[in-house]
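Each of the next two complexes has chain A plus one other chain: chain B in the first, chain C in the second.
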Partner chain A sequence: MTLTHILVFALVSLVVGWAVPSRWRGWVLLGASLLAVYWLQPSTPIRYLDFWFPTASILLTVITWAATRTPQAQPSRRGMVGAALVVGLILVVALLRYAGPACCLTPSRPPDIWRVLGVFAMAALLVAIPIRFPVSKRFLVPAIIFLILGLFIMLKSPAISRWASEWLRVSGGQSALLAAASDLPWLGFSYLAFRLLHVLRDYQGGKLPAYDFGEFVTYAIFYPSYTAGPIDRSQRFIGDLRSATPGKISEALKPVNDPARQEQFVQGGTRILVGLFKKFVVADGLALIALNSQNAVQVTSTLWMWVLLYAYALRIYFDFAGYTDIALGLARWVGIRLPENFDRPYLKQNLTAFWNSWHMTLAQWFRAYFFNPFTRYLRSRRLNIPTWVIIFIGQLSTMLLIGLWHGITWNYAAWGAWHGVGLFMHNRWSDWTRSRLSGIVERPQLRKVMAFGGWLLTFNYIALGWVFFALPSLELALDVFKSLFGI
Partner chain B sequence: MGDPITDQLAQFISAKILKQPRRLIAGDEALITSGLVDSFSLVDLALYVEDNYGVHIDDTELNAESFDTLDQLTALIRHRQA
Partner chain C sequence: MNNVEDNTASNNRLRFAGRVILKALMLFLLLNFVFAIWYPLPTLAKFSAYNVLFPGRQRLPYGDNPSKAYNLSLYNLDAMFASHELAGRVKPDDEFRVLVIGDSASWGFLLEPDQTLAAYINDSRAMLPDGRRVRAYNLGYPVMSLTKDLLILERAMQYEPDMIVWPLTLESFPYDKQLFPPLLQNNLRAVRELIQTHDLSLDTKDANFEELSWWKRTIVGGRRQLADLLRLQLYGVLWAATGIDQDIPETYTLRQEDLEADRGFHNLQPPHLQASDLALEILSAGVRLAGDTPVLLVNEPMFISQGQNSDIRYNFYYPRWAYDDYRRIMSEESQRKNWQYLDLWNAVPGSEFTNSAVHMTPDGTRLYASQVLRAILDVAKSSPK
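Up next, the complex of A and B:
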């Protein structure tokens, strides 16, 4: 999100929160989110892709809704209005191609309307299948999960991305010679994919309540959190959305001087201002001296290398935490409390506590859908595997997956492994020390020393891990490690 | 004397998870947010609850939002047993 995006979203949120009667708020949020998906999408060198990516995000969401819809649910008037709004707004965005100077919401001209209608027809067929034949969901839900995972692997793996770019270029009559992995910047897909996977897995586990079409689409593509999270759970988000958009007129017309509305405004505004400061002042300031692949080869001094590394550690935190603050503030203005993503992570005294406070919604997602079921399986089957082996396998595989979520490359795998091994070491250390060092609790001075030592070690371990994250190759990362330790 | 379920859970956590059988855990002491019980031990705790009280705690519920103290966990178990 650029500053312009944020300012426009702030204006929209203010209008939605203050001027739109709450029974209309849901529709305005849905419409704003649909348009935002197109407006946020950056340009791509492949023709029409900056229209197709946002359209695919929306259609994937709609198909997921159809596949996870409760069989008893009858088509409601609200559902039909929501569907009309989605189709109508996509058509408006597509028709801007013919609007002359008013063209376009997307970075380049959308494809001609007949192609858009053709894709609509195919999507309508896919949506109709699970609605008309509920039994097909048994195959359709796993198929969507595999499709999302396949797309995820394609977008995150440079080699497959380049190959897909070549194919798309040739299909569209463009030269394949300039194909590059960076040709496929599908904005927001990482977060959308994890929201939809959560819905699909909860559906399979029988834990998904019935959702209205419009509220489901709003959950998946909600404009404050579309690009950088947090990854909310649908049950929590939609519960909030329903209380922010009551249908009763008596609840819809709260006066402007209502204390709850004023508190909402102050809390949201403070959060947005704090977020803007973190992102555009602190993080962008630190970016000037933060570690990157250029200064990593230029700096030879050990001291300066540590300065670059600490600057990077602080920059990445303030950048991400700043975006989260902005998202939470924008959502607060429209009456929705998104979950927190950070809780002073760099002040924690061990790595386990760090991962309970850094990118919390992503870590919770991986715990809920990978670590917990995997560990439960290993523990409950009485497989006769030593406990420490289960802990090692569970921690390492979870952190490797979290690393690969950022990109399927060796440097992200190394970053994940660094944290997996770190978490395992901390687990073993606390297991070993718990009974031996229990006397420390009664000695405040020693407890303070241990707390400071724990923080110092943890922060530096995390900072050293960022070397893998910041640099594109392992060779360069190893060179930086040598420089940091004067080797 | 507190709730027997709370007492049994406290005993299980101090003896099997923390390996400090004499450690007392208060009913309102934070377990997850304080880092006392890590993500691995949470799974063991869920399996213990399942085996001893016949209550299933789902993988998506093993977080501080669902319960963070023994009192909250006991309330969850009692609610599901009812």
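Up next, the complex of A and C:
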């Protein structure tokens, strides 16, 4: 999100939160989110892809809704209006191709309308199948999960991305010679995928309540959190959405000086300002001096290498936390409390506490949908696997997956493994010290020293892990490690 | 009852929020107003992390690719000098301080900081008979204009130089070149003072000059200058960490060997260049400004083409007639005004030039430096301590 995006979103949120009657807010939020998905999408060198990516995001959301629709849900007028709004707005975006100077919301001209209608027809068929034949959901839900995972692997794996780019270029009549992995910048897909996977898994587990069509689409592509999270749970988000859009005349006519609205305005505004400062002042300033693949090979001394590494560690935190603050503030203005994503992670005294306070919604997602079921599975097999092995396998595999979520490359895998091993070591250390160091509680000075030591060790362990994250190759990362330790 | 309390609390909050917004707005306006009146940028520019947290730069900040060069072009002379190593050194008693000004050949385009004219002079570890060690500082700036050199010289004089080395090339002399550099256009007051003090035939109302309007004096209007100051400090970290201050490409297009059959030089045509065509008065002003400090004027080496139309032109910049006349004029003027003048126009072989007729390779620069150093020693020996 650029400053322009944030400014426009802030205006939209202000209008929605203060001027739009609450019973209309849901529709306005849905419309704004739909348009934002197109507006935020960066340009791609492959023809029309900057229209098809946002469209695919929306269609994937719609198909997921259809596939996870509870049997009790009946077609409603609201649902029909929501569907009409989605189709109508996508058509408007597509028709901007013919709008001359008003073209376009997307970075380049959308494809011709007949192609768009053709894709709509196919999508309608896919949506109709689970609605018309509920039994098909048994196959359709796993199929969508595999589709999302497949797309994820394709987008995050440089080799497959390049191959896909070649194929798309050739299909569109472009030369395959210029194909590159960076040709497929599907904005927001990482977060959308995790929201949809959560819904699909909760549906399979029978934990999904009935959702209105519009509510569901708004949840999946909600504009403040579309690009950088947090990854909210649908149950919580839609509960908030319903409170913010009660649809009753009495609620809709609440006075402007309603204390709750003022509170949300002040809280939201504060978060946005703090977020802007974190992102555009602190993080962007630190970005000038943060470790990267260019300066990593140019640094001439150990001390300065540490400075650049710390700059990177702080930069990545302020960047991400800044965007999260902005998202939370924008959402707060429209009456929705998105979950917190950071809780002073660099001040934690151990790695477990760090992962409970860094990108919290992602960590919670993996805990809920991978770590817990996986370790339960390992325990339930009666393979007589020692507990410490289960913990090791569980933590290492979870962190590897979190690493690979950022990109399927060796450096992200190494970053994940670094944290997996770190979490395991902390787990063992905690176990070992629990009884042995219990006397520390009575010695405040020693407790302070231990706390400081824990923080120092944890922060530096995390900072060293960023070496893998910041640099594109393991060789370079190892060179930097050598430099950091004067080898 | 609850409703009444709620409404009262709510009204209080609204009033409170209104007061906060109003006060914030007033404070913001007041800050801008005070900033515009006081205009602390020149003062702020003197506070530099260079020479304190990290070493000073070996040459003045310049660069149009900051993310690769860890350097940037800015127009705040105070900040530029504050970032230079010169600002961080108290002059030792045993130092014979030589300030090298001039254009991109002095600054060291496509050269690393330790491959410049000043750096090679220092490499020689030359000593004067009185025991002082020759220490050169690079104050070149990659723009061809004698007025720009004069502006830098004027600032540099506060650093107690024992000698000024002023490399020159004909391209810096035409009057139409004098006021075009943005560094001058953004230092209007200083340039006007120079023009008036030295009675130079330059237009103080040049259309390109950036007037410092009231708006530009505010924080909002001057945010670019403030950001540049901050970025200069931040890039100091990478300068210290890497020693890099220029993005030097691995390959570049070599200086032009085959030339156009063009006899023109700026708006002048053969047969003869007149002394009045050249801004020689700026050289006089520079020598005057240096006072007792000797100034060594050096006609810097240039590439001499052997290619097509080389009978008409020496290189991309100069037709033969104009350059020959320039050398003659400089020689005559130096004798007449008793200037220390060293003509090194052909001192470096053509193979030692890089992407332009005045940019030299490290070897070419070393050769050039050895000859300049010889002249420095000669001039120093004949000058009073």
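By definition in this document, the second predicted complex is superposed on the first by the 486 of 487 C-alpha atoms of A that agree within 3 Å, B and C clash if a C-alpha of one lies under 4 Å from a C-alpha of the other, contacts with A are read in each partner's own complex, and residues count from 1 in each chain.
Definition applied: a residue touches a chain if its C-beta (ideal position, glycine included) is under 8 Å from a C-beta of that chain, and two chains touch if they have at least 3 such contacts.
Remember, it's a predicted structure, so these values are computed and weren't measured experimentally.
Trainee: Clash or fit: what happens to chain B and chain C when chain A is overlaid?
Mentor: By the criteria stated at the top, chain C and chain B fit after superposition, with no clash.
Trainee: With the two complexes superposed on chain A, say which partner A:Q41 touches: chain B (first), chain C (second), both, or neither.
Mentor: neither
Trainee: Looking at the overlay, does A:P373 come into contact with chain B only (first), chain C only (second), both, or neither?
Mentor: first
Trainee: Applying the document's definition of touch, where does A:P259 land relative to chain B and chain C: first, second, both, or neither?
Mentor: Only chain C; A:P259 stays clear of chain B.
Trainee: Can you tell me whether chain B or chain C touches more residues on chain A?
Mentor: Looking at chain B versus chain C, the one contacting more residues of chain A is B.
Trainee: Using only C-alpha centres after the superposition, what angle do chain B and chain C make about chain A, to the nearest 10 degrees?
Mentor: 130
Trainee: Under the stated touch criterion, which partner chain does A:K207 make contact with: chain B (first), chain C (second), both, or neither?
Mentor: Once the two structures are laid over each other on A, A:K207 reaches chain B alone.
Trainee: So, does A:I289 touch the first partner chain B, the second partner chain C, both, or neither?
Mentor: second
Trainee: Check the residue A:M305 against both partner chains and state whether it touches chain B (first), chain C (second), both, or neither.
Mentor: Once the two structures are laid over each other on A, A:M305 reaches chain C alone.
Trainee: Pick out the closest CA atoms of chain B and chain C after fitting on chain A and give their distance in Å.
Mentor: 30
Trainee: With the touch criterion stated at the top, can you tell me which chain A residues are shared between the chain B interface and the chain C interface?
Mentor: On chain A, the chain B and chain C contacts do not overlap at all.
Trainee: Along chain C, where are the residues that touch chain A in the complex?
Mentor: Those in contact with chain A are residues 6-7, 9-11, 13-14, 17, 66-68, 230-231, 234-235, 237-238, 240-244.
Trainee: Touching residues of chain B toward chain A in the complex: what are they?
Mentor: 18-20, 23, 32-33, 35, 38-40, 42-44, 46-47, 58-60, 62-63
Trainee: Can you name the residues of chain A that touch chain B in the complex?
Mentor: 202, 205, 207, 233, 350, 352-353, 356, 364, 367-369, 371-373, 375-376, 379-380, 390-391, 394-395, 427, 430-431, 434-435, 438
Trainee: Looking at the complex, which residues from chain A come into contact with chain C?
Mentor: 257-259, 262-263, 265-266, 285, 288-289, 294-295, 298-301, 304-305, 307-308, 311
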